[in-house]
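Two complexes follow with chain A in common, the first pairing it with chain B and the second with chain C.
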Partner chain A sequence: MKQRHIAHYIILLLVSLIIVFPLYLMFVMAFKDSKEILGSRYLLPSLSPTFDNFIRIFQAASFGIYLVNTIIVVTGILVLQLVMIIPAAYVFARFPSRISGFLFILYVIQIMLPLEALIIPNYRIMNAFGLINTRVAMILPFVGSGYCAFLLRQAFKQIPRSLEDAAVIDGCGHFGLLRNVFIPLSKPTITVFSMISVATHWNDYLWPLIITDSNIVRTLTIGLGMFVQHESGADWGMLMAATVFITLPIILLFLILQHTFLESFLTSGIKG
Partner chain B sequence: MKKLFKLAIILVLLLTLPLYMVMAGGKKEEAKPEGEKAAEETGNLERYKLSEKPVVIDFYFVVGVAGPLAQVIDGMVEEFNNTHQKILVQPVYAGNYNQTMTKVQSAILSGIPPDVFVVEISELYTLLAIDGIIPLDKYIEKEGGDTFTGQYFDALYGNARAEGKIWGQPFQRSTPILYWNKDMFAANADRLKAAGLDPTRAPQNWDELEKASTILTDREKGIWGVILPGGWNDWIFEAFVYQNGGKLISKDAEKSHFDSPQVLEALKFWYKLTNELKVSPPLRPWNQTPIDFSSGHAAMMYYSTGGLPLVRKQSNFDFGTAFQPKKVQYGTPVGGGDFHISKGIPPENQDAAWEFIKWMTSPEMAAFWSRESGYICINKKGLDLPEMKKYLEEFPNAKVAAEQLEYSFPKIMAPNFQEIRKVFVANLDAMMQGQQSPEETQKKLHTSVQKILDEY
Partner chain C sequence: MKKRDPRIFLFLLPSFIFLSIFTYYPIFDAVGLSFHRYGAFNPKPIFQGLKNYIDFFKDPIFWQIILNNVLFGLGTILPTMIMALIFAILINEVRSLRTFFRLSLFYPMLIPYAAAAMVWVFIYDPSLGPINLILKLLKLKPIGWLGDSRYSLIAIIIMTVWKNLGYYMLIFLAGLQNIPRDLYEAATVEGTNWSQKHWHITIPLVGPSTLFVFVVSVIQSFKVFTQIYLMTEGGPGYSSNVLIYRTYEYGFKFWQLGRASTLTTLMIMILLFLVLIVFGVWGRKITYQAA
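Here is the complex of A and B:
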């Protein structure tokens, strides 16, 4: 028994090493100058750490504004996704009919469509609404998330009818049911989806790049893109400094939410 | 009763969509006259209130090389705006070449083209196919025709010409050059001399290249003699074909010349270096190559001039640049991006765009841009400016690219270039990895390229 424990820890240790190592290198490189990065001590932290890379990336791009925009866009997407999809998933799960079945299939098909294929049509739609170069244009295409609809429908389907009936007897309407029964009992799914959504859209690059023009509406990844070069190879110090700045908020967010995240899984056992 | 509910909910679901759109619309920034909004962004509103309203033009640009080039471009544009009261250029960073092209295409196809933009030179036929750009001949004529174009290295216009007209103005242009580690050559001087090579200069022909890379390869230390990088290996390979006196396709883009003995010889030479002698790694990623070189894991590399500032910044040793070694002649294709002016925009915007292009490629700006980016100084007059002369004296490595231009050829250009490039790269990759012989590669390349050319 004890040996098995040790084996578990070794495996866990190895897995976390694989995950932590790139992050470690990112931090190490962000504080080195170019020559040191390619020197012989490339794996070790710098003896003379420098903030030059950070100073230079902030001069090169308006990362502060980008950060604010990214937060607006990411939360905008998430809130609207949940507002739109929770009622939709409720219908898909509880009122099966030809129409809702058909709509659900549309949602599922949408999961399989790569964004790249939709760039030009999406661009023309945004243009028709006069939304080019706005934050809204970065939010809209992702609101009707097929993935979210699929996940939540499955979660709602597993909720026992008896709970629903009890709530109806107590006088709950549709929205009361959603608020008092469906949403609380699907908290793990909603949490997981929220995290996936935030992480995904935090990293959106191509669409924001194409739909926006001015710095005041652009997002972090576009700032990062300026340091990834195709013709010449990248300046790693600057690239890593930019990466640190961009990933840090989301890493912190996940560390803070870790507890809530686990908790939602643990409590979910009581349901039904 | 239940059915009614169902219907109601579906209705609500459908109704929220337009409602949501309206909500979203409300969030939009207040509509302002374009010039005013732009001026406000750049903080120049005061100035424009006094004078007449400027022509506002959007400029999509690419950042292809390392360094804070977006910042450099913003600075250049700001200077232009400060010296041109009637024009306001808004620079828009549009990603790498492919992303910029997607952005340009989306905008053109949606009827709101950017006024002026830079894309990769091979995209010319695609731009013509979507009818997105105007020829620049009338502007060039006005500037003095040949005397104007004469300022620029002639090879650079090769990729801007089609249908008897000039469609682009050279801007960020590069060629491959040979980088060599002088310290490593010096450290192996005896062995190089024994083989009849001069350790104080780079190899000048294919034979010398082969010998030097064999000597300098050190498997124990993990040092490669030379790196023929992957990723843009089609571009580097094209250079080898020119060096051997051959070409890839005919000028009218109708016939493939991949079946020529010159191509086969070049393929065989690559196969020898990567697979028989194993002095070049089979497929080093393009971005990884300058790191290998700068960290002392390669004695030589074929690489874009665009990598020059970065290599200079990060190398701990003395390095040199040189012409790519010749076979029967020196030869190289050019690469990089050109300016284009969009079609579907008002004539005054087109005129303003030309003013901007002319300014950006003037001797002073071309020289400045070359120093900041590592691209070639496209304007010959720029090379004679005192600050450029001083720069080249301090850093003679930057001179090589301009001198090599004498032996440069336009890059391969065809209507469906992207398709050709795809099979080209795929077959080169397969050969470099040892999956197919040079003969096989040549046969496959010739038949598929000819097929693509015939389709058009």
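Here is the complex of A and C:
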């Protein structure tokens, strides 16, 4: 028994090291000047770390604006998703009928028809609305989230009816029920969904790539891609500094919410 | 509260409008345009029947791209799921360092693909990259990775496995929590060894939900774009080109929106076929819950 656990630890440590290595590389390179990167110990942590790369990326590209845009887009998507889907999930969970059952299936199918597959028609729609090159265009297609409806319906269904009945006797209408019973009791699911939504849309690339054509509205991921194409010759220090810059906020957010996220994920049965 | 109050559907209406405009209307739009010649040089759509489809089916590049999609899908999902299950079992059985292992496996999930692509371009760099450095130390021939048509797709696959492993590990870890402990204790009393124990208990019990995760992953694998756009641009040649990337090229590089819609329609057909499988596997449960 004991021996096996030693084998467990050796395997897991080895795997963890391999998986962490790219992150290590990202941070180590971001603090090196170009001379050090061409030197012989370029894979090891710098002896004289420098913040120069971070200053230079802000001079070379509008990463500040990209950050603000990303935050606007990601928050806009999440808020609208919750506002739109919470009432819908309430209907799916508590008012089952043929029609709501059929509509629910349409929401579930949407999970499996990613926007990435539908960029051409969606581009035409945004063009018709005159929304090309706007932040709104980066938000709207993600608002009707089938995944959110699926998760919240599961969570709402698990809430005991007795709580609801008590609230109804106290004079709660639909909105009161949502505010006082359903939303507070589904907090773990809402947290996990929010985390997944933010991480997913922080990561969005293809849709913002085709829908934007100016720096004023671009997001971080697109900014990074442009930056690579415009900087001729690989200045790895600067590239990695930019990479760290677009990654750090999401990692920090996760570390803050890590405990809630992992516990909810492992207990609430949210599985893909 | 009356059950049959039709006004309750007003709660569904806002999100359903979004769903209709950005998911369901686009399907009809793409199907309609797929029969037309339409693009930057033909601003008015001209109906031409099945010509776009026939042209694609005759085009060897199209078939290579389909093959790449299949290879990418299976090449990422199978290894990811197998490794994720093994690591989930291992993590579940150790006492200390659990959080460290969970975090170090999971964090790549949070890194945007654009950022991950940058780091991996460096890792695959023929001269500076650590992988070739190790190959050289082992006296093996260095590999051109992203610049070599034999390896470009494999390179993208490895990077994608690294990125998704932790997510699947968490899914399995959650599944493992539902297996009653006494099953394992009984097996230990019976004198079965570690691998027998998991082969006969863990895999059959985690298996059914795994099938569902597998099909959904196949669907998700069609979304691959960012790493290909930033790491290989579908090349060299067409060696790492996939359906979405090709659609992007037709739509926004060649500006042939008719043909891009044909590819979109084909992709929708493939996805809806997979959706049917999902419903076949899981459907009864979903419809049962919905009704």
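To be clear about the criterion, the second predicted complex is superposed on the first by the 209 of 272 C-alpha atoms of A that agree within 3 Å, B and C clash if a C-alpha of one lies under 4 Å from a C-alpha of the other, contacts with A are read in each partner's own complex, and residues count from 1 in each chain.
Here is the rule we use: a residue touches a chain if its C-beta (ideal position, glycine included) is under 8 Å from a C-beta of that chain, and two chains touch if they have at least 3 such contacts.
Quick caveat, the model's predicted, so the values are computed rather than measured.
Q: For A:61, is the partner it touches chain B (first), chain C (second), both, or none of the two (neither)?
A: A:61 sits against chain B, while chain C stays out of touch.
Q: Once the structures are superposed on A, label A:108 by its partner contacts, choosing first (chain B), second (chain C), both or neither.
A: second
Q: So, A:134: does it touch chain B (first), chain C (second), both, or neither?
A: It touches chain B, and chain C stays clear.
Q: Hey, is it chain B or chain C that touches more of chain A?
A: C
Q: With the two complexes superposed on chain A, say which partner A:254 touches: chain B (first), chain C (second), both, or neither.
A: second
Q: After lining up the shared chain so the two structures overlap, which partner does A:143 touch, if you call chain B first and chain C second: first, second, both or neither?
A: Touch partners of A:143: chain B and chain C.
Q: With both complexes overlaid on chain A, does A:35 touch chain B (first), chain C (second), both or neither?
A: So A:35 only meets chain B here.
Q: Pick one for A:226: touches chain B only (first), chain C only (second), both, or neither.
A: Touch status of A:226: first partner only.
Q: Which partner does A:160 reach: the first (chain B), the second (chain C), both, or neither?
A: In the superposition, A:160 touches no partner, neither chain B nor chain C.
Q: Considering only the touch criterion stated at the top, classify A:214 as touching first (chain B), second (chain C), both, or neither.
A: In the superposition, A:214 touches chain B alone.
Q: Does any part of chain A touch chain B in one structure and chain C in the other, and if so which residues?
A: The overlap between the chain B and chain C interfaces on chain A comprises residues 37, 42, 84, 87-88, 90-91, 95, 99-100, 103, 119-120, 123-124, 140, 143, 174, 206, 209-210, 222, 225, 228, 236.
Q: Can you name the residues of chain C that touch chain A in the complex?
A: So the residues of chain C in touch with chain A come to 1, 3, 8-9, 11-12, 14-19, 21-27, 29-30, 33, 87, 90-91, 93-95, 97, 100-105, 107-116, 118-120, 122-123, 128, 130, 133, 162, 165-167, 170-171, 173-175, 177, 194, 209, 212-213, 216-217, 219-220, 222-223, 225-226, 229-230, 244, 247-248, 251-252, 257, 260-261, 264, 267-268, 271-272, 274-275, 278, 286-287, 289-291.
Q: Show which residues of chain A lie in contact with chain B when the two form their complex.
A: 34-35, 37-39, 42, 56-57, 59-61, 80, 84, 87-88, 90-91, 95, 97, 99-100, 103, 119-120, 123-124, 127, 129-132, 134-136, 139-140, 143, 174, 206, 209-210, 213-214, 216, 222, 225-236, 238
Q: Touching residues of chain B toward chain A in the complex: what are they?
A: So the residues of chain B in touch with chain A come to 5-6, 9-10, 12-13, 16, 20-21, 24-25, 27-29, 31, 41, 58, 63-71, 90, 92-97, 99, 102-103, 105-107, 109-112, 174, 286-291, 294-295, 304, 306-310, 313-316, 336, 374.
Q: So in the complex, which bits of chain A are touching chain C?
A: 4-5, 8-9, 11-12, 15-16, 19-23, 25-26, 29, 37, 42-43, 84-85, 87-88, 90-92, 95-96, 98-101, 103-125, 140-141, 143-144, 146, 149, 157, 168, 174, 199, 202-203, 205-206, 209-210, 220-222, 224-225, 228, 236, 239-240, 242-243, 246-247, 250-251, 254, 258, 262, 265-267, 269-272
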